[in-house]
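In what follows, chain A forms one complex with chain B and a second complex with chain C.
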Partner chain A sequence: MSVFSDIVFGGLFQGSLYAMMAVGLALVWTTIGVFNFSHGVFMMLGAYFAWQLVAFGLPVVIAFPLAVIVMAGAGWILQASVVRPLIGRPNIVLVVVITTLAAGSLIENGALTVWGPRSKQLPSLIEGNTTIAGVGVSLHQIAIIVITPLILAALWSFLNRTRLGLALRAVAQNEDASQLVGLNVTALYGLAFAIAASLAGLAGIFMGGYRFMNPSMGADPLLKALIVVVFGGISSISGPIFAAYLIGFFEAASNYYFGLYWTPALLFLVLIGTLMVRPEGIFAGRSRGLA
Partner chain B sequence: MTLLDIAIPSAPGRVTWNREAIGFVAGFLVLALLPLVFGDSYSRHVLIMIFIYAVVASNWDLSLGYGGVFNFGHLALFGIGVYAYSLLAKVAGVDPWIALFSSGVIATLAAVLVTIPILRLKGIYIILVTFGFAQLVMQVIISQSDLTGGTQGLVRVPGLYVFEHNMIRDGKLAYFYIALALLVASTLFLRLFVRSRAGASIVALRDNEEYAISRGVSLARQRMVTLAASAFFTGIAGAFYAAYQRNASIDVFGMSLATIILSMVLLGGTSTIYGAIIASFVLTVFSEAMADFGAWRPMITALLIIVIMLVYPSGLVGMIRAAWTWVAERVKRPA
Partner chain C sequence: MSENPILSVEAVTSGYGRVTVLHDITLEAGRFGNVGLFGPNGHGKTTLLRTISGLVAPKSGRVAFDGKDITGLSARAIVATGLIHVPQGNKLFPDLTIGDCMALGAYSPRARPHEAENREKVVKLFPKLAERWRQRVRTLSGGERQMVSIGTALMSHPRLLILDEPTLGLAPKIKDELCAAVMDISKGGVPLVVVEQDIEFLLELSRQLFLVDHGAVKTEIRPGESLEHSEIMAMYFGH
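For the complex of A and B:
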């Protein structure tokens, strides 16, 4: 019984982090049609901003939300500097890959210069530990498991219930028509990036609370988020969310049965297998064209 | 705006064979004479690294530029070359030259293997799968640490030899010419390939897939040929890199090397082969010149890449072509 609850708990926890990351990637992809390779760096930056604000003496309740808001600005700036000028170029997908990679390297090395290579840690959301169904867990992790679905639900209702969210989805579906009905497409592009960066920053804050942070901490979560969006289908928001939890459970189970070293390899094999059978992702309905 | 709209300009075979052959021979003769100017082993080391990067980048240009296949596992093919050579030469005790050649073959086989899952895919999905493939290779190498040394890597990998020649005390002269020979062979192969009918057919698939298929070009076969062709010399370059550095480390799978090489391809201008080679000279020399900047170096390089991509999308070759046209017009019609 303990093994089972171990896997369920681990899956929920990892899945929550992956979902936060993957949703941002999917949001940018569906709206702008580019892939943001500095997404992992956003995660790192969010954690470091939060750490800096806490170091300034701000209480966690103010510091964390403030860091998330600052991240929204950072996302907007990145979009305005390395993505927006390229829109309309014939090979935009490829060029944005290289510019976001380069921007990521710039930010990562900048963080290294500003904050140094020494590992840091953020305060937990809630201190303390507890035991549930025979598994010892920290309250911080429980808080993440509870908060993430709430945030994702809020994002979902934003995209489906508010005018602004609908505008964002309209741009994702038909850019020309959106422009015709008077939507400010450039601003909506910025908004998509800002939301994605905030979510990544929040994931970074969550992660910084239970693991040591360093400037390259975003690389692995970015990779996992990539797997998640491929697995779940990139053209929707709900697909990656389901896939994130599924992959979280898969990873937890595989870690237990096959060991830590073989899990990434197995994960990629599953990914490649999935793509051979269903290139559009397992949770994708009618996708936005396979391109 | 779909990925189908992607059309990278320029077609192969515009310059006549004769003119290109003259330029090719002249260019590489100049490179062959460089050790006369640069006698110290540091400059020669930089040149050797440039040649290795140039091979990797120009082969990437074949799949990325000409083929339009976004193979983000290209550096994994390089890494496979590094580890295939190291394992064959060090662990299995194979003759270094045979190991070098075998590494190219192994990288080619790996490229064929990675083509299978991407045969049905397009655009961003190819990026994701090939990216995943690279990580898969890295994870397998890390997990097999008994054999590969895991994250520690392998040291004391056997170097190459040329008869009884002393490879260590010649100021890197022998390695320089082996690296140059590798670049010559690779560039010759690439240019012949892109100017051939096969080269024309992969460009046709890139520019208008439906039309090319309707004219009888096999997408699956040509995609496999493209990736396999781009893998052979990449694998050999990896093997040579391992032989030259005398070690193998998983750093070759890292994002930083991939970013640098990819920027060489894009900076030079895609679908040219020569562009990638020129860009590897420019970027490497630039990077070495900034050695004193320490932590600022990767930041300045990143900034440079962004700026060039924003202001000069067709890359260095586009710049050179524009300059050449300008000069040619002045020469023809003196003002």
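For the complex of A and C:
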């Protein structure tokens, strides 16, 4: 029983973090059609902003949301500086890989200069531990497991129930037609990046609360998020969400039965196997578009 | 009809990148009623419409809508003036429902207050759309998608409607249905600028015709100068 709940709990927890990261990546891909390789750096930056605000003496309830908002601005700025000027170029996908990688590297080293290499830690969302179904867990992790689906549900209803969300879904499908109904395409692109950066920043804050932070902390989550979106399909935001939890459970099970060192290799094996059968991802629809 | 042209294009040169498609094109439209544009494919009709609606910025020249200079404005700003362009083809928003498309049509602040009233108009014009309100555009037939395109444009509360080959590639029965709907829109008081290959339809609909050839207006036909089909065919093909 304890093994089972261990795996379920670990899967939910990892899945939450992966989902938070992957959704932003998918959002940017579906609306703009580019992969944002500075997404991991957004995560790191969110954690460091939050740490800095806490260091300034702000209480956590103010510092964390403020850091998330600041990240929205950072996402917007990054979009305006290294993505927007390239829109309309035929080789945009490849060029943006380079520009976002470059921007990510600059930001990462900037963080290293500003905050130094020494590891830092954020306060937990909720202090303390508890035991559920025979597994000892921290309340911080419980909070993440509960908050993440709420935020993802809020994002889903924003995209599907509001006029602005409708506009974001539309611009993902047809840019010309979007302009002809009067949508502000550049602002919507900025918005997609802003939302993605905030979610990544929040994931960073979550992570900083139970693991040590350093300027390169975003690299591994970025890789995982890439696996998730490739695995789940990048044509929607629900695909990556399901895939994130699936991979979370897979990792938790594999960690338990095969050990930490085999897990990445097994993960890639499953990924390659999946892509051979369903190259568009397991939850993918036929086209690019948010749903 | 009004004394002044509702749409005027003065010496516009436009194109994509280094390719120039329109060479110094000039036309005044809407002084007499609906306007038809025709001419061989690949000679700039679509580029002209894209330039008017702001999807392509002109390299030189001036475009004015209802006396107001709209040259170089963004497509969004032009939509806000009430000049609405229904592009060629029916790609639209494949994964949105018809209802979503109609809501998007009414996105601009100018159109929003009229959303309910325009929706009623669209449903009356295309009852088929009401039956499939929650269906995704990709699952519709070509004719139905064209109806969604035109319906979306009507939701934008147009003061001038530009249609780029509304009946392209449609079966005859659907085509007649759409032609009738376009005539209805015109009777409802919205002036039209239409690009169309079906000359019969164009002659019936428009009072002023322009033959666009090699990126310029080759011939203008005004009311009273009514033409036979054969003469237009001669213009088309006989150089």
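Quick notes
Keep this in mind: the second predicted complex is superposed on the first by the 288 of 291 C-alpha atoms of A that agree within 3 Å, B and C clash if a C-alpha of one lies under 4 Å from a C-alpha of the other, contacts with A are read in each partner's own complex, and residues count from 1 in each chain.
As a working rule, contacts are C-beta pairs under 8 Å (C-beta built on N, C-alpha and C of every residue); 3 or more make two chains touch, one makes a residue touch a chain.
Just so we're clear, the structure is a prediction, and the values are computed from it rather than from any experiment.
Of the two partner chains placed around the shared chain by superposition, chain B is the only one that A:Thr113 touches, whereas chain C remains out of contact.
When the two structures are aligned on the shared chain, A:Gln173 is found in touch with chain C, with no touch to chain B. Looking at the shared chain after the overlay, A:Ala154 reaches neither chain B nor chain C. With both structures placed on the common chain, the touch criterion links A:Asn91 to chain B but leaves chain C unconnected.
By the touch criterion defined above, A:Val181 reaches chain C but does not reach chain B. By the touch criterion defined above, A:Val230 lies against chain B but remains apart from chain C after alignment on the C-alpha atoms of chain A. Applying the stated touch rule to the two superposed structures, the overlap between the chain B and chain C interfaces on chain A comprises residues 289, 291. Those residues of chain A that touch chain C in the shared complex are 163, 166-167, 169-170, 173-174, 176-177, 179-185, 285, 287, 289, 291. Listing the residues of chain B that touch chain A in their complex gives 1-8, 64, 70, 116-118, 120-125, 127-129, 131-133, 135-136, 139-140, 142-143, 255-256, 259, 262-263, 266, 270, 295-296, 298-299, 301-303, 305-306, 309-310, 313. Of all residues in chain A, those touching chain B in their complex are 29, 33, 35, 81-82, 85-86, 89-95, 97-99, 101-106, 109-110, 112-113, 175, 219, 223, 226-227, 229-230, 234, 261-262, 264-265, 268-269, 271-272, 275-276, 279, 289-291.
Note for the complex: chain C touches chain A at residues 53-55, 74-76, 79-80, 84-87, 91-96, 100, 103-105, 107-108, 111, 138, 152-153, 156.
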